[in-house]
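Each of the two complexes below includes chain A, the first together with chain B, the second together with chain C.
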Partner chain A sequence: MTNYDAIVVGAGHNGLTNAAYLARAGLKVLVLERMPWIGGAAVSREIEKGWMYSNCSYVCSLLRPELFRDLELARHGLQVVPYGGGVTITRTGDVLGNYTDEDVQRREFARHNPRDGDAYHRYSTDVIRQCKFIRPLLLRTPPDPTSFKPRDIRELIYLGREFTKFGEQFIYDTLRFYTMSIADFLGEYFESDLIKAHLSGSGIIGSAMGVYSPGTAYVLLHHYMGDVDGSIGAWGFARGGMGAVSNAIASAYKSFGGEIVTDAPVERVIVRNGRVAGVATANGNEYRAKIVVSNLDPKRTFTKLFDEGDLNPEFVKRARNFKIRGSSGKLNIALDGLPEFPALGRDNPLRFGDIHFLDSLEKMERAYDDWKNGTWSKEPYLDLLIPSMTDPTMTPPGKHFMSVFVQYVPPKIHGRDWTDQDRDGFKNTVLDQIGRYSPNFKSLIRHVEVRTPRELEDEVGLTEGNIFQGELTMDQLLFNRPFPGYAQYRGPVKGFYMCGSGTHPGGGVMAAPGANAAREILLDLKRPSLVPEGWQDD
Partner chain B sequence: MRHKDHFKTAVYQTPFHPRTSFDLTPMTKHRITGKDALPFLNRLITRDIAKIKPGRVGYCVWCDDNGQVIDDGTVFHLREGDYRLCSQERQLDWLTRSAHGFDVKIVEDTHEVAALALQGPTSCAVLKAIGCTGAEKLKPFDIAYFPFADGELMVSRTGFTGDLGYELWIDPARALELWDALFDKGGNHGIRPMGTHALEVARIEAGFIQAQVDFLPADQAIRIDRSRSPFELDLGRLVDFSKPNFNGRRALLEERRRGSRYRLVRLDIEGNKPARSAYIYDSKRNVVGTVTSAEWSPSAKSNIALASMHMPWGRPGDELWAEIYYQRELKWSRVMARCRVVEGAFFDPPRRRATPAADF
Partner chain C sequence: MTDRNRIIIVGAGHNGLVCAAYLARARREVLVLEASDRVGGAAITREFAPGFRVSACAHICYQLDAGISRELKLGAHGLKTAHANLRTVALATEGDHLVLHGGRLEAGLLPDKDRAALADYHDRMLRFARVLGKQHNRRPPRIGGGGRSELIAAAMLGLDIRRLGRDPMREFMRIAGINIFDVLEETFETPLLKGALALDAVLGTNLGPRSNNSVLTMLHRLSGQATGVTGGLSLPAGGMGAVSEALAAAARAGGATVRTGSPVASITLEGDRVSGVELESGEKLAAGTVISNADPARTLLQLVGARHLETGFVHRIRNFRSKGMAAKLHLALDGLPGFARLAAQRAGDRLVIAPDPVYIDRAFDHAKYGQCSPDPALEITIPSIHDRTLAPAGRHVLSAIVQYAPFDPRASTDAARAEFLERTLGLLERYAPGLRRQVVASELLLPADIEREFRITGGHWHHGELALDQILMLRPVPGAAQYAMPVDGLYLCGAGCHPGGGVMGAAGRNAAHAVLGGERAA
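Right after this comes the complex of A and B.
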């Protein structure tokens, strides 16, 4: 039995970030990881020899640059390379591309609808205004609106000032924006169904909602509020796969003297006299610490790691009812060559970005209908990328890696568990769709790793395979994330904290929840906060 | 390539050649027709469009609901009930949204018209040389049609310089022919192509403002205080409150009652170093404004600038200083230069308005 100052359960990127700041503050910290590898959902594993997969998360934009810089992640081997391009291909072979030059983008939209070309300006202006509002909040602890503590009052005033600084109209717009559907939101700008479908993908990725479901407009913002080197909304690849993010943070953590033990599944948080005393692992080890931090999602944390009898019934109810629904799956594909997309022609730079096969919002909603009916979408929404075109370290020369995010994929098939047969059926549905747009694709396949919600829950630990550790809806955002009264990273038991994406500001490879939780822990320990403030913009 | 070039724009030349030509083809053009074309434009635009008779052109601005300028431009009343609206920024989305309830047809025809600016003291002589007989009779802001090749050439006495000048409008198929005719017949009058820098100098000398430079189009403003009203751009003369309704009227009435936040001024700055992006200070070294455009004026031999000032600064006689940074052989230096508020254009030759237009 060993004593530590703090134990972090789970070596996901947020757990590692949290541990890094605690270790940097001089605490003796231990990270316990269930799997033989670290990274959680920001992980790269060599499943096929010579191929480095981004097994779960696959692109990077939200990672807070303040933390990247402060933890010197570049020195620890992390490089994020922005990618351009991105395209929607229709069944008829029409294309709608993403361009970084605003005028080229306008012309591309105008090609499909002249008015929409001009409306694109208004759309970007309004979305960027929302980004400007939310970005400074990412590295702040949400205030408790019911509290009279000076710090909460100060933060509420800050929030109020941020909220009003863009003018009265913005207050109306924001309340609507956070509650409306992505289809309704896009309908306020665009006429072309293809343009709307093209833009709506960001509103549903990772959520068990359809394009017409209220709340999906915010999910779009969640995908736009990041940046690569100040270019808001831009996305990039982590060189070496997304595991490079976790590895770099782990390297920073170790440089501060931190310790990681893998193959150590925490079975239970030990509670004594109403406060945490340590953790016990499945292999019979006990580790003592007065501070335990969970990187797991809130539902798993409180229904699996705790004896529910140690918690208040109201709290247990919140944890059990936490909205964390599985909606997505993933195919990671090793390819012997570069697939061709005839609609794009040869050497089209749009291929460097995310590729989608869409025609209309209607088609996206039908994909959601299949999910509600308890099966994977027959015509799923794919977010397909070939990162090896940008990052040569992922595959042997001339070979390629294709990352295919798939939606919608239910946590259960007609109410029963997934079988291997279901998994193969799901795989074929996706491969068939890609094959319809790329005739040589199937002949290039060397290996396919299939991740349904079953695999995501079993391997990564995400309840139902929900990639955000809980839906990003108003009832579970800001001071309501994960539960009202528990948004400041402190758990229901003294000494227990949460630092995963289930806490503010939510999912994505952002590292903000981990850093914010460290700030609160250091505050409770009456130590100076080492966590950097978010950069402010006027 | 950003647009179809019907005319090749040549490299930078001084605009002070006897006359110069500048490609206007990429300027955004909308054709507005239909029963309600006039009521629609009167609702869109702050000035009274009914006063712009067929064959006339008017400079104008249009605002959002908050009375903030979306863009400025020119309305051409081509023929009875048939209008063309020209602007720098693209407006189809805003025009379409403003047209709800009006029986009006709005078509963006930027690429269906080739347009060329012919500006300078002998521009009228060139027009006459290519066969536009009687062009000298055109008054400022007049439109006339002349036969050209086997088609029609539209000529308006308009421009983005403060000199005598015309804009020529033609079917793109005949554009090259027009260009060749101008340079063939205009040779004796010293015609030269003109670039964007020359145009920039000329429009600042005339005191004309430009979107994205002197003001941010309101529909592109992310931050609340970045847009400007017509009053704040010294364009109050273009707001006609006697009209019962137009976009932004209520907000502009309120602004007139409460006062504006900013004022646009023309500054003559001591010395010869253009005050690009300079802060403007008062006598106590408080920042009271920012230069939006600045150039050395070859015509007025002055160091000129347009600046956006916080109210109440920018009154004639105010003591103002510009903080100018300039680089000589890689070394940066700074100078504080005294500014004088100027009323009217920096360069405003009588030939600009004289009708009939002189030959030079």
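Right after this comes the complex of A and C.
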């Protein structure tokens, strides 16, 4: 039995970030990971020999640049390669492309609807302004609006000032933006149903809401507020797959003297006299520490790691009611060649980005109806990428890796657990949809890995397979995330902290929750915090 | 100008009349112009079949501001209650119905757990609704753009929320933006109970139980009761028209003139300010102030005209979401319908057909795609049980809100109306066997009909969705939420303004105060 200053449960990217900052402050830190590998949902795994799969998260944009620089992740081997392109292909073979040049994009929209071309500038200006507002808040600890502590009041005033600095109209736009549906929001700018469908995908990814559900406009923002090399809204591939992110953070952590033990599933947090004393693993080991940090989602943390008697029953109820509904699935496909999309023609650079098959908002909403009715979408929303076109290290030469994110996939089928037949049915639904737009696709398939919420829960440990560790709805954002009164990373037991995506500012491989939690822990220990706060270079 | 001091109010809906009455009390010269031959707008009683009268749009009074009733002495002006304190009966296809009265179960079976949770839920929601209710009589603050008084007003709103206390405040902030489905799932087990409570959150809105914001619409409904409307859910004697008649009497008693049969064709401008109105008859009436009780889109885009307004403002008004979702069913019956296993004296209460939240959600799914729900949810009253003036002796009228019927050309054809009526009657027949044979006459108003008959763009009772992005300082649109429009001398006073519709009268009174306050400042 060994004593540590702090133990982090789970070696996801947030757990590792948290551990890195604690170790850097001089603490003796141990990270315990259930699986034989680290990374949680930011992993690269060689599932098919020669093919490296980013088999959960698959693209990178939200990772906070402050943390990237501060932890020197480039030196630890992380390289994020921006990708261009992205296209929506319709049933009739029409296309709508993404272009980085604003004027080209405007003309592309105008080609579909002249007025929408004019609206594009207005739209992108408004969205970027919202990004500028939210970005400084990501690396800050949310204030508790019910508290009278000087720090909370100071932080509330800061928030208020940030909120009002863009002027009155911006405040109103923001209030609306955070509460509207993505369909209504886009409807205020655009007329073309295809353009609206094309843009609305970001409003539903990872959430159990449809494009008509109020609250989805914010989810869009959540996908836009990142950047690659300072280009807001851009996305990139981590070279070598998303595992490169976790590996680089782990390398930084180890350089500060940190320790990681894999194959060590934590079974229980030991509580003595109302405060944490350490953890016990399933293989019978006990590790002692006065600080325990959970990288697991809030529901799993409080319903599985604790003896119910150690917690207040009201709190347990809150944890049980935490909204963490699985809504996404994924197919990872090894291909023997590059699939052709006749609608795009050969060598179309749009293929380097996200490919979608959409026609209308209504079709997207119907996909959500299937989820509500307890089955996977029969015409799902796919976010399809071929990372190996940009990052050839993923596959053998001439071969390709395709990552297909699928919305919507329910955690249960008509209330019962997934069966293998269900999984195959789901797989065929997705492959058939791709096949309709790419005639040679099916003949190139070498191996398919299917990830339904069942696999995401069993393997990655995400309750119900929710990729954000909890829905990004108003009741679970900012000072409400994960629970009102517990948004400052402290758990209900002294010495216990949370650092996963279930805390502010939420999921998406940002590493911000991990860093923010470290700041709070160091504050409680009265140690100087080196965690970057806020946005420095605007 | 000779008539600079005159104030013209366009539309004699209940808010227009409240506004007129308050301005008249302040000894202003007020002229109310109403297009139809009767006052009341959507709060009227009319004959839909020979001898059968019904509240044609709104049919239960649950929000009329107690202060307004008192200050305008509506009792003295003839307003009486036919029945106060209606219970809500959640109808079951089999087994016991649930009779609910506030947080109490008066009849029917619920597990102890649900029974306790119901009392707790009701108390909790009433407390939150009270916070909303407190805002009803205030002009919504401008944030970030106004001076000191705006800051104070914004701080007051914050203070009201903080005064809830720490834990309730956290709970309020958690549920304000979420959906009723999740809240009910967290709280109750019994589907029938959840269904009845879910219906409160979606009646008249473009929301399904699973849509976020639906808790807010429920709180808005409750806010009337929370601020002390005597009697809770009540039926005015003579139908909702009686409320309007009493308001008109109060306005007239104060010296206001109310002219019916005088549709306004346009609001005229002179330079940047209003100069009066022009009637459809061609008659021109001058006024220094024009207050419109019409909905925002009709007022600004039709009566004023987009060409007189700034483009950005027109854009925002166009995007004000105002599509109705509820239909209204009126049945003339040759006897009292017999609801299975329901005591006759209970049939006069508020009957609800919403077996569970999923049922309502399915009904909503059709409406999303422009179809009327094949299996709709209903709120039913049979006011003639309490008020014999509404139907010939021994006969009855049934009035029901039928949800969902989208404001969509596909759902507004005669064929769609006939099918929707057929489905709704079929549904009623399941709960009240034999009802179909009792039907002497029927009328089904779809949102498109409501738009036509009541001159409400989109046929939405609240003139526009009551959603988080369209309430308080965002209603109807940001920057014009304080009743004064961006044309000098022009005001809005209808449900399209804060705090919205529901036969409350608060918008009318607040608008009157804004007009009087604006004059003082000038």
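Here, the second predicted complex is superposed on the first by the 535 of 538 C-alpha atoms of A that agree within 3 Å, B and C clash if a C-alpha of one lies under 4 Å from a C-alpha of the other, contacts with A are read in each partner's own complex, and residues count from 1 in each chain.
We adopt the following convention: contacts are C-beta pairs under 8 Å (C-beta built on N, C-alpha and C of every residue); 3 or more make two chains touch, one makes a residue touch a chain.
Values in this document were obtained by computation on a predicted structure and should not be read as measured data.
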item	value
Contacts of A:N480 with chain B and chain C, given as first, second, both or neither	second
Partner chain in contact with A:R69 - chain B first, chain C second, else both or neither	neither
Chain C versus chain B, contacts on chain A by residue	C
Contacts of A:K132 with chain B and chain C, given as first, second, both or neither	first
Which of chain B and chain C A:G167 touches, first, second, both or neither	both
Touched partner set for A:K149, first chain B, second chain C, both or neither	neither
Partner chain(s) touched by A:D103 [first = chain B, second = chain C, both, neither]	first
Touching partner for A:P114 - first (chain B), second (chain C), both, neither	first
Footprint overlap on chain A, where chain B in one structure and chain C in the other make contact	167, 169
Residues of chain C that touch chain A when the two form their complex	142-145, 162, 166-167, 169-171, 173-178, 182, 186, 207, 210-213, 315, 319, 321, 361, 365, 368-369, 467-469, 473-474, 478-479
Residues of chain A that touch chain B when the two form their complex	103, 106, 114-119, 121-122, 125, 128-129, 132, 165-167, 169-170, 189, 538
Contact footprint of chain A on chain B as seen in their complex	2, 66, 90-94, 96, 108, 219-224
Complex contact set, residues of chain A against chain C	145-146, 163-164, 167-169, 171-173, 175-176, 179-180, 184, 187-188, 209, 212-215, 321, 323, 362, 365-366, 369, 372, 473-475, 479-480, 484-485
